[in-house]
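Letters are used for the chains, namely A, B, C, D, E and F, taken in the order the chains are written, and counting of residues starts over at 1 for each.
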Amino acid sequence: MTISRHDGRMFDELRPLSFVRDYTKMSMGSVLVSFGDTRVLCTASVAPDTPRWMRDSGEGWVTAEYSMLPGSSPERIRRRTSGRDQEIQRLIGRSLRCVIDMAALGERSITVDCDVLSADGGTRTASICGGYVALHDACERLVLAGQIPGNPLFTECAAISVGIVDGRPLLDLPYLEDSTADVDFNVVMTGDGSLIEVQGTAEGKAFSRDELTAMLDLAAKGITEINEAQRAVLRTPPEPRATAP
Amino acid sequence: MTISRHDGRMFDELRPLSFVRDYTKMSMGSVLVSFGDTRVLCTASVAPDTPRWMRDSGEGWVTAEYSMLPGSSPERIRRRTSGRDQEIQRLIGRSLRCVIDMAALGERSITVDCDVLSADGGTRTASICGGYVALHDACERLVLAGQIPGNPLFTECAAISVGIVDGRPLLDLPYLEDSTADVDFNVVMTGDGSLIEVQGTAEGKAFSRDELTAMLDLAAKGITEINEAQRAVLRTPPEPRATAP
Amino acid sequence: MTISRHDGRMFDELRPLSFVRDYTKMSMGSVLVSFGDTRVLCTASVAPDTPRWMRDSGEGWVTAEYSMLPGSSPERIRRRTSGRDQEIQRLIGRSLRCVIDMAALGERSITVDCDVLSADGGTRTASICGGYVALHDACERLVLAGQIPGNPLFTECAAISVGIVDGRPLLDLPYLEDSTADVDFNVVMTGDGSLIEVQGTAEGKAFSRDELTAMLDLAAKGITEINEAQRAVLRTPPEPRATAP
Amino acid sequence: MTISRHDGRMFDELRPLSFVRDYTKMSMGSVLVSFGDTRVLCTASVAPDTPRWMRDSGEGWVTAEYSMLPGSSPERIRRRTSGRDQEIQRLIGRSLRCVIDMAALGERSITVDCDVLSADGGTRTASICGGYVALHDACERLVLAGQIPGNPLFTECAAISVGIVDGRPLLDLPYLEDSTADVDFNVVMTGDGSLIEVQGTAEGKAFSRDELTAMLDLAAKGITEINEAQRAVLRTPPEPRATAP
Amino acid sequence: MTISRHDGRMFDELRPLSFVRDYTKMSMGSVLVSFGDTRVLCTASVAPDTPRWMRDSGEGWVTAEYSMLPGSSPERIRRRTSGRDQEIQRLIGRSLRCVIDMAALGERSITVDCDVLSADGGTRTASICGGYVALHDACERLVLAGQIPGNPLFTECAAISVGIVDGRPLLDLPYLEDSTADVDFNVVMTGDGSLIEVQGTAEGKAFSRDELTAMLDLAAKGITEINEAQRAVLRTPPEPRATAP
Amino acid sequence: MTISRHDGRMFDELRPLSFVRDYTKMSMGSVLVSFGDTRVLCTASVAPDTPRWMRDSGEGWVTAEYSMLPGSSPERIRRRTSGRDQEIQRLIGRSLRCVIDMAALGERSITVDCDVLSADGGTRTASICGGYVALHDACERLVLAGQIPGNPLFTECAAISVGIVDGRPLLDLPYLEDSTADVDFNVVMTGDGSLIEVQGTAEGKAFSRDELTAMLDLAAKGITEINEAQRAVLRTPPEPRATAP
């Protein structure tokens, strides 16, 4: 299959990917993740308590919030939490909770905030990829501060979009492709190749089981590459930082 | 595989299913759908205009709202639109829009309201199944009133939940099974066997590609049976009713 | 006086009335009440605590919520709590609290939810009539579960609308009559003939003391008949059900 | 019947009543009404349009808003529109609309704002009494400005509370009596003795038809006296003031 | 400099100023302050606790709320807390907190509500002037009730507006001048001549340091006169009143 | 005066200052401004219409929004528009409107969004400095696109904080100094040395006229330096970009 993606990528190729660690210095974890022109600032904040319904369980909690800055899109976005935002932040939270041992985290909660600085498709999957790194740094700093014996994250968590555009399965869709896709899938996987979430939506045109298979294969390939980048950035420990008790 | 589901069903068996047509008389379409003890009142209301952003397009629009009555659950539910509600109503709307020809509907909008009277698992998939029947009746009444030449729905739309409980794939999960499932999938399909939505979530434990395949097979079987029930109830036309111009 | 009501009723005749007990199975009390085409689902939920301001008083509390489903009216109703809804739910709560012994209920609260499935006039009075039956079943189940020694309801509670249409007092107005009435009254009474609430409103045209007297007489007759129907449905005890502690 | 009301009044005696006209100078009508220590500032503002649903009807509209200032009560009141506030402002609006000829008012709307400066019982009935005077002045100024040929108000509108305290019917209840009343009635009447609204509520104890009759007699006496005070203050025309077109 | 202000005042002259003490009887302090046609009702309510973040500090708290009544302006004002209202109430609260000894107040909080009855410019500065008097009376009543040994207010607090209109600095701007001012300043000072707040805004046209100096001189003169009026009204103690514990 | 500021700066020295132009590519103007560890992303979005109240005036409009990202502070900030946020965004908008010719802008509106990525004091003044640069780029691109003949900004706009800490006037306060300051001033000036806004607040301790003078001198010095940095970054034109009509 020869390619003709507008940005010159192969059908199964990710956009240029980077994680800028400690992009700001105020949070326990702070990562600027980029997939091409999509840039999301992910910060992880630790609080010494948990939601009311899980008090005294001995376990911790991880939650996420997602928002797009008004200037992140060519058409300015109004400041309000839309239904779409809520759906996305629930997805991010569920995904991250699948790779962390809540008992090992202990009775504290971590909020992962994903604020989109620049939106060019794939903001929710980028949020999961960057949110994992920010969460890892926050946990690592709890370890460095002696608050927990080891990092409660037991595998990586990453996500990518795939879709069918003009009948062809494509990996990591920027806005231009996303807006013309017949099918739009978001896949979240662990670092050991298991599935966490599969969310696929026909945009006006239903799809077949064979197309589903092709998309899942593409997603698995992309996520493997993202996991490698995550491991690379996390190879060295973060600088210690003062923590809440 | 011998069964041991608490309600005596086989692993691939639907709960007793019924559609009560014209359950109330105020809306253009009004259907009470039941899957066992899950009961949803679906009504379709027609308005003579469309959202601002699609004015003068010559096309119509279909949207959905979803809510649980406070008494639909053993623990009373507060009256407010939660993030979960919004996520579900977006799913119902997207699904129904995949099986309707918006140009044939013309510049009018139909709102499908899905109000859960009794919740025992699978309320969002029941809403899609019943919402399709209510939408069909509303369209049929527009035809009977001479407002559109033919019904703009071109195939059925149905949905079902599947999951993995104690390592076994099961079809159509009531609350008791749903609350202990390792994986929870909702699948929406058309009457001709194509996929509209696939939404699967690991509840704390990631899943494999083989498990995914088994669940999709189960869902396809269930949806075929639901389509037959939908066709049966819609075989006769609804009574005519006064319509908006 | 010969009649000419559009549905063939005498001026002092109620619409066909029914109470469907345990219409859903999730709540402690669940009653579908119908006055003609007006149908309201009333559910009673018990919680083991009371509002903050009455803690440690040894007494219980009863409150109500009222809402119309979007499809309950020919013109779709938006989902939001209007001023009218709040006014009605305050009326329902006040009325039911007049016939229950709060000390005998003990420190628990019961919420009576009245959700209008189909609205053809008289939804607030139907809510009171059906809410009483749902509340009675919830209390009876508390007795059956041994949580309270006896039912704290000491008399019936029922309500009906009366009005003046074309100069004639009429009982139990459906929408068609209600929308052309000169005066609109809602009367709430106990099972022993005392008044709980009298709410009458001139719709653009003031009324005389004689007209008021005629309307109150009509209301008393109707409520007596409703009380009989309530007693009939409550003659047998409800099935036991698991209760909160 | 000898009296023993704490403020020395007879059972059928109003509190000292006054209307201060043009209390502020910004509105078309502005009246400070006092019933004893209950003081309400009523202002009437004219706008040159009407609500959307009545456009092009050739008729006008009157609406009301009601609010209690935080410092109007010994226990500070939070600034928010409660359900009670909404119920009261609906009552004020309905009452005033009963005594005005909307066609004679023409396509303009008048908002009557009733802000309680000091609350000692009977704030809603005082609001109706003062709101009528403010509305009258606003209409009179429209006449003076040549915008309408004559005042569209065709009779007075006034209201008073009555109740049963310790078994005795009493007129015009201050807070101390209101808080211990068994029954609480608000009656709105026109200047020619017809009824506009009758709203009576048993506070925990139902009441008889005879008690209702006694209360309505008391209310009629009080309202006749209020009407005289209203006529006295409105005998002279207000100063002219610039009006909206 | 000869004058030509529309109301005949000199450039450095205040409008007629009055404080009506105990204007209502429900609050611990209640003052109607007037600067010409600007009238603000200021009430001070005492509550026996403090905000959560300062519990157990042994100190008290003072906060303010500000609102304009709908009829206070020729064009009716909608009931909602605008950004402007919030900005003003933060200013009032900060200003009053500068002249009170929180430790001497003890663990209680006082809310000063400033409700504008009539708005003709300078409502925020009038609120500070009147709010101080209401706060003083509330504190004095705490002293009279033996709850605190002495009044914790250690100096006066007053504010005034100054501006540049047609190139001339003017004191105490009514609406007519304020709406055409090039620069608008609000200055808050203590009774001993120190500055608490300086807030100046160019209305479209920037200003010089010399102009700033001239305005501050004018403000200091006006505030000295207001302080004298405050001292005069507070010379005699208020009547005792029942207080919260 | 010898120094001992914790970061080694002189009393009249700014923190390291930078403007990163076109930090994101989606908006017409996008600038990341840093004052030490305070970093604000300022974006300017152009819309082809103006607020309702200024339609058909031939003039344009500039408005601002301000928000802090949750992770911008050591203690996580909740996502909601606080009273403080509203006050700040009103200040930013007023300031920028003082240096732009609205008639030359024409009937379009520009929204300047200031989102704080990292907060270490002085976020509102940094927002004004960066917002000016983003606004300038947006206007310049309108010129490049031929939509307006020349840039409607006629001078620079910049702001800085000054304060009194331990009795000493200091320029450009980071959080550590700001939180212990006796007085906190924000000064906004034009590129030609005139004042736009002066906002000074005593934090519990009033201040003298001499102290005010010292602070204004410091602010003027700092703003002159910021203006130079603004001019430097704007010396070259931005890349052209597609614009709204």
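Everything that follows uses one rule, which is that a residue touches a chain if its C-beta (ideal position, glycine included) is under 8 Å from a C-beta of that chain, and two chains touch if they have at least 3 such contacts.
Remember, predicted model here, so these are calculated numbers, not experimental data.
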- Query: Taking a step as a move to a touching chain, how many steps at least join subunit C to subunit E?
  - Reply: 2
- Same vs different contact residues, subunit D with subunit E, by half of numbers used: same
- Item | Separation of subunit A from subunit B, taking each centre as the mean of its C-alpha atoms, in whole Å | 30
- Query: Where the CA atoms of subunit B average out and where those of subunit D average out, how many Å apart are those spots?
  - Reply: 51
- Just give me the whole-number Å value for how far the CA centre of subunit B lies from that of subunit C. 33
- Item | Centroid distance [mean C-alpha coordinates] between subunit D and subunit A, Å | 60
- Message: Touching at least two other chains at once: which residues of subunit A meet that condition?
- Response: none
- Query: In graph terms, with chains as vertices and touches as edges, which category applies: line, ring, star, complete, or other?
  - Reply: ring
- Message: Ring order, please: subunit C first, subunit D next, then the rest.
- Response: C, D, E, F, A, B
- Okay, in this complex, where on subunit E does subunit F touch? 83-84, 86-87, 89-90, 94, 97-98, 189-190, 194-202, 204-209, 212, 216
- In their complex, what parts of subunit E are in touch with subunit D? 23-27, 30, 37, 39, 41, 43-45, 47, 65, 67, 69-74, 76, 79, 81, 111, 113, 115, 117-120
